[in-house]
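Heads up, the next two complexes both have chain A, just with different partners, chain B and then chain C.
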Partner chain A sequence: MDDMLFYDRLQFAFTITFHYIFPQLTMGLSLMIVFFKWKFLRTKSVKYNDAAKFFMKIFAINFTMGVVTGIPMEFQFGTNWAKFSELTGSIIGQTLAMEGLFSFFLESSFLALFIFGEKLMGQKLHFLTGFLVFLGSWASGWFILATNAWMQHPVGYEILDNGKYVLTHFSELFANPWLLPAFLHNQVASVVTSSFVVASIGAFYVLRQKNIEYGKLFLKTGVIFGLISSLLIAFPTGDWNAKNVAKYQPASFAAMEGIFETEEAGAEIVLIGQPNMVEKKLDNKIAVSNILSFLTYQDWDKKIQGMDQFKKEELPTNIPALYYSYHIMVGLGTIFIGIMFLAGFFLWRKKLFTIKPLLWVIMFLVPFPYIANITGWYVAELGRQPYLVYGLLKTADGVSPTVSSGNTLFTLLGFVALYMLLGLLFLVLVGKTIHQGPKHQTH
Partner chain B sequence: MTATLVSLISIFMGILGGNSTKILVKNNSFDVIGNTIAGVFGSIFFIKFLGRLGFSPQNIVDKGIVNYQLFAINSFVSFFGGFVAVFIIKKIVNKLQKDTSVTNSDFYT
Partner chain C sequence: MEIFWYSIIALFLIVFFILDGYDFGAGIIHLFFAKSEKDKEVIAKSAGLFWDSNEVWLVAAGGMLFMAFPTFYASVFSGFYLPLIIVLWLIVFRAIGLEFRSQFQYQMWKDIWDKSFGVSSLLLALFFGIALGNIVRGVNLGGVENGVSAYEGHYFFLPLWNSSFSPLTAHPGVIDWFTIIIGIIAVVTLAIHGANWIILKTNSSINEQLKKVRFKLTIALAFLTIFSLVVWEIVRPNSLDNFADKPYLILFPIIYFTGVIGLFFVKKVNKEWIPLLFSSLVIAGGISSSLASMFPSILPSSNSINSSLTIYNTTINSYGLSVASFWGIVGLLLVVLYLIIQHRLRKGKVDEMDYGH
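And then the complex of A and B:
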């Protein structure tokens, strides 16, 4: 049984991590495409239209890869997590179905119209199709986050005699206090990724002295979007999320912050340290006193419960992984603010395009928002353990009893092989698009 | 093997089908990016729609046992779905461009 649970979790972790590489870019990029198209309508400058069409091509590749990797996720609910689907299907099935029916079809239909229909529709309708693609992609995030929010903080449900969960109030699914902060944090994080991608392509063109006019436009837009979103990711969205975790999942909060023992006179914030699970302490700790209490409760001396206040079965199952994921996310977020602030300053001083070391940094920084986004999701998912539905359904009780661990391992190996192939195909297609550049297609 | 892996292999067959148009019907084909995108959607559409006849991934794998005949049918339909999607989309795009080439006013002048 332990083997089965391990491989089911490993497979889901692997497939969802690979899947989330794609939607995190499409959600943020769709907003930037709408911005480029809007600028084109306002200024009539063709370079904005070319930028919108160029990034829609990259969007389309990402969207397609997201679909390819998303379809197997759907099957996993049935094959690997059948018990979970059986018990909670009448709740999570609703938001997942809405994601497919409303968001996916909205997004894919108008994506095709955006790519092929510019001449047919005229510019204003073309802008509208771009906006509807954006709406579809963000609605998709909303429905997925609504599903996850219910798993993190279940509301509006009752448990029937047969153990199944049903909704008592449909509206509570979307009024869940977990949902809005999680959604905003997630969406702003996707804008961080997309702005770094746009800025990185811009830096590449400027450094290569190729498509320089577009390179400068991408850099400028990427840096401005990147600076704003990097700040918003920390405050208010990140702050709001952390307060929610402290309120609804205090054991997870203690674990992710690395608080082993309750500090009565206010909790410190840990900057660096390694969890020592044998001695129940952080090794080589560097911390600042009372800051965590202030950030969480706006009270320097407020007590925050440490892990010593909880029973072992209430604590997350992998505390070091949770702690490191959280600190990697926060650390990278802080670095993003610093770099984007620096780039924003030089952009304001009209020197950004000539400072080559900074352009190299911007170009090679592109994997890190992906890492920050993915570790952010690890925080949410590892923090919820040992539950699938927090406080109600244990992860071990949600697996399919009839799928053997050998079967799951074989499938996982197949996924690793096929996803390597898919990843290679993705890099080739995106590389080809960037190499072609934002061709001037309108004259 | 579980149905999850079958669904992924199925989509790969669609990508192959979409890109095979480059060899089989050169005039009705996009570049590798367009063929791949159309191939993915074509295979998903065909399998979701026609898979109900008995060769969907859930039907192929029952308690870990793979029915290779159904698997072969699924792969073929997926390949065909990718191929047909490229063919049809290309026709539509050609028609759209033909219809709008004369009537489209020059927005930029």
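And then the complex of A and C:
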């Protein structure tokens, strides 16, 4: 049984991590494509249209990957988490089905039109289809986060005698206090990813002295979007999420912040340190006193519950992973603000395009927003453990009763092999597109 | 309410098989009949421009099934674990085959993705037919052995096959001679459907040849249909009872046979959408007749210990179903609207359409 659970979790974690590489760019990039298209309509300067079309190509490849890795996600609720699906289908089935009906249809119907319909329908309509693609992808984020929010903080339900969860208040699914902050944070995070991608391609062109016009445009747009989104990711959205965790999942909060012992007179914030699970303390700690209490409750001396306050069964199962994920995310977030601030400053002073070291940094920054996004999700998902539905349903009680661990291991290995291939193809194709560069259209 | 959602989901599945069916079919035709590079390209394009928005019907049907009949969703998806995951992999290969073939101009690159598209289309058509076969045949719910359930009564697990390949044993596998027959019917039907689509949407040089192929396939389909009715009676002896009880259900088989008969006579008609209409009728009639023969069961139990899964014992609370019907209707209207806009803007032959690469 334990083995079975382990492979099921590993397969879910692997496939969702891989899936999430793609939607984050889809959601962020669709916003930036709409922006380029809008600039083109306003200024009539063709380079904006070229930029929109260039990113559309990258978007299309990325989208395909998102779709083919997304379908396995939906299936897996039934294949690997049958018990969970059976018990909670009345509730999370709602949001998942709405996602299909309202967002995937919108997105995929208009994407094809956006890609090849420019000549057919004129610029205004073309802009509109682009906007609908953007809307569809953000709606998809909204519904999936509503699903996740219910698992993190269940609302609007009732548990029947046979253990089934049934929906009693539909509107509460969307009024869930967990949802809005998580959605905003997550969407801004996807804008971080996309603006870093745009800026990085720009830096590459400028450094290579190729497609320089476009390079400068991409850099400028990427840095401006990057600066704004990096600021928003920390405050107010990140901060708001942290407060929510402290309020609704205090045990996860203690674990992610690395607080082993309750501090009565105000908690310190840990900058560096390695959780030592044997001695229940942080090794090599560097911390600043009282800051955490202030950040969480605007009160320097407020008590924060440490892990010692909770029973072992209530604590997240993998505390070090949770702690590191959180610190990597926040650490990267801080670094992003620093770098984007610097880049923004030089952009303003009109020097950015000549400062090579900074351009190199921007070019190689691309993997890091992905890492921050994925570790961010690890914080959410590991923090929820050992529950599948927080406080109610244990992860172990959600798995499929009839699928043996051998079968899960087999399919897991299959997914790993297949996704390696997909990843490789993705890189080759995106690399090719970047190498070819935007096509200049004579109008 | 249950019947409402059951019908909506069935409708979505039928639309999925009609829409994605033509690009599965295009894949099968592509695999066997497309020889010149020009034809390969156009046929791939006639599928490539549409597959994504067609596949959403499956995703949405899955989501709604999850919502409305979670116990069924849980039971079937975990019970058919292996074939479903294999279907997922095939969907991946099909999609990337279509999307990536024209990214590089090397012949070898294109050949790889053409095969990937063609073979996975073929196998998917086969698997979908097999899936339908499994549903009508029923499974050993609860894994009953000597009168004792190994699992809770609505769960089961099926291996891909057992060595006898017979649907009549106590523990049939996913693949047996009955389900294979249904699988082959699905392949033939979708091949006809795909040929119709290619004739409608392209000017490829094999269109004339395809019309002959279509005729032969229609003959094969007619024979297979008769054959399958016989074996159907062996596997599920009382499958006609529902039609006797509720004569109006005969509408569905009539749709099916109208389609098949229509296909015999399409050679003379000039309008290229008419054949496609008939093959769509075959698909719609075939699926709906199979479902109607079981109703209200959705997964018959092959043992006498555990009762069959029906739309009533797998569903959720009535509040959940009724709120869902509000957004469901709104969503349905939107979806139909998108479909019309899409096919309007992309009407006509695809040969000259720009694929955006």
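In this text, the second predicted complex is superposed on the first by the 440 of 443 C-alpha atoms of A that agree within 3 Å, B and C clash if a C-alpha of one lies under 4 Å from a C-alpha of the other, contacts with A are read in each partner's own complex, and residues count from 1 in each chain.
Note that a residue touches a chain if its C-beta (ideal position, glycine included) is under 8 Å from a C-beta of that chain, and two chains touch if they have at least 3 such contacts.
Just so it is clear, the structure is predicted and the values come from calculations on it, not from any experiment.
Chemist: If chain A is used to align the two complexes, do chain B and chain C fit next to each other or clash?
Modeler: After superposition on chain A, which the two structures share, chain B runs into chain C.
Chemist: Now for A:Glu99: first (chain B), second (chain C), both, or neither, which partner does it touch?
Modeler: Only chain C; A:Glu99 stays clear of chain B.
Chemist: Between chain B and chain C, point out the one touching more chain A residues.
Modeler: C
Chemist: Just checking: does A:Asp8 make contact with chain B only, chain C only, both, or neither of them? Give me first, second, both or neither.
Modeler: Neither partner.
Chemist: Tell me the contact category for A:Glu257 with respect to chain B and chain C: first, second, both or neither.
Modeler: In the superposition, A:Glu257 contacts neither chain B nor chain C.
Chemist: In the overlay, answer first, second, both or neither for which of chain B and chain C A:Ser108 touches.
Modeler: In the superposition, A:Ser108 contacts both chain B and chain C.
Chemist: Looking at the overlay, does A:Pro72 come into contact with chain B only (first), chain C only (second), both, or neither?
Modeler: After superposing on A, A:Pro72 lies in contact with both chain B and chain C.
Chemist: In the overlay, answer first, second, both or neither for which of chain B and chain C A:Glu381 touches.
Modeler: Touch partners of A:Glu381: none, neither chain B nor chain C.
Chemist: Between chain B and chain C, whom does A:Glu268 touch in the aligned arrangement: first, second, both, or neither?
Modeler: Neither: A:Glu268 stays clear of chain B and chain C.
Chemist: Looking at the overlay, what does A:Phe170 touch: chain B (first), chain C (second), both, or neither?
Modeler: Touch status of A:Phe170: second partner only.
Chemist: Taking the superposition on A as described, I'd like to know which of chain B and chain C A:Asn80 touches: first, second, both or neither.
Modeler: both
Chemist: In the superposed view, which residues of chain A touch chain B and also chain C?
Modeler: 57, 60-61, 64, 67-68, 71-72, 74-75, 78-80, 108, 116-117, 119-120, 402-404, 407, 411, 414, 418, 422, 425, 429, 432
Chemist: For the complex, give me every residue of chain A touching chain B.
Modeler: 11, 15, 44, 46, 57, 60-61, 64, 67-68, 71-72, 74-76, 78-80, 108, 116-117, 119-120, 122-123, 402-404, 407-408, 410-411, 414-415, 418, 421-422, 425, 428-429, 432-433, 442-443
Chemist: Across the complex, what residues on chain A touch chain C?
Modeler: Against chain C, chain A makes touches at 56-57, 60-61, 64, 67-72, 74-75, 77-80, 82-83, 85-94, 96-102, 104-106, 108-113, 115-117, 119-121, 164, 166-168, 170, 400-404, 407, 411, 414, 418, 422, 425, 429, 432.
Chemist: Spell out the part of chain C that touches chain A in their complex, as residue ranges.
Modeler: Those residues of chain C that touch chain A are 49-50, 52-53, 55-56, 58-60, 62-64, 66-71, 73-79, 81-82, 84-85, 88-89, 91-92, 95-96, 99-100, 103-104, 143, 151-152, 155-157, 316-317, 319-320, 323-324, 327-328, 331-332, 334-335, 338-339, 341-342, 345-346, 353-357.
Chemist: Name, in rising order, each residue of chain B that touches chain A in their complex.
Modeler: Against chain A, chain B makes touches at 1-5, 7-9, 11-12, 15, 32-33, 36-37, 40-41, 44, 57-58, 61, 63-64, 92-93, 96-97, 99-101, 104, 107-108.
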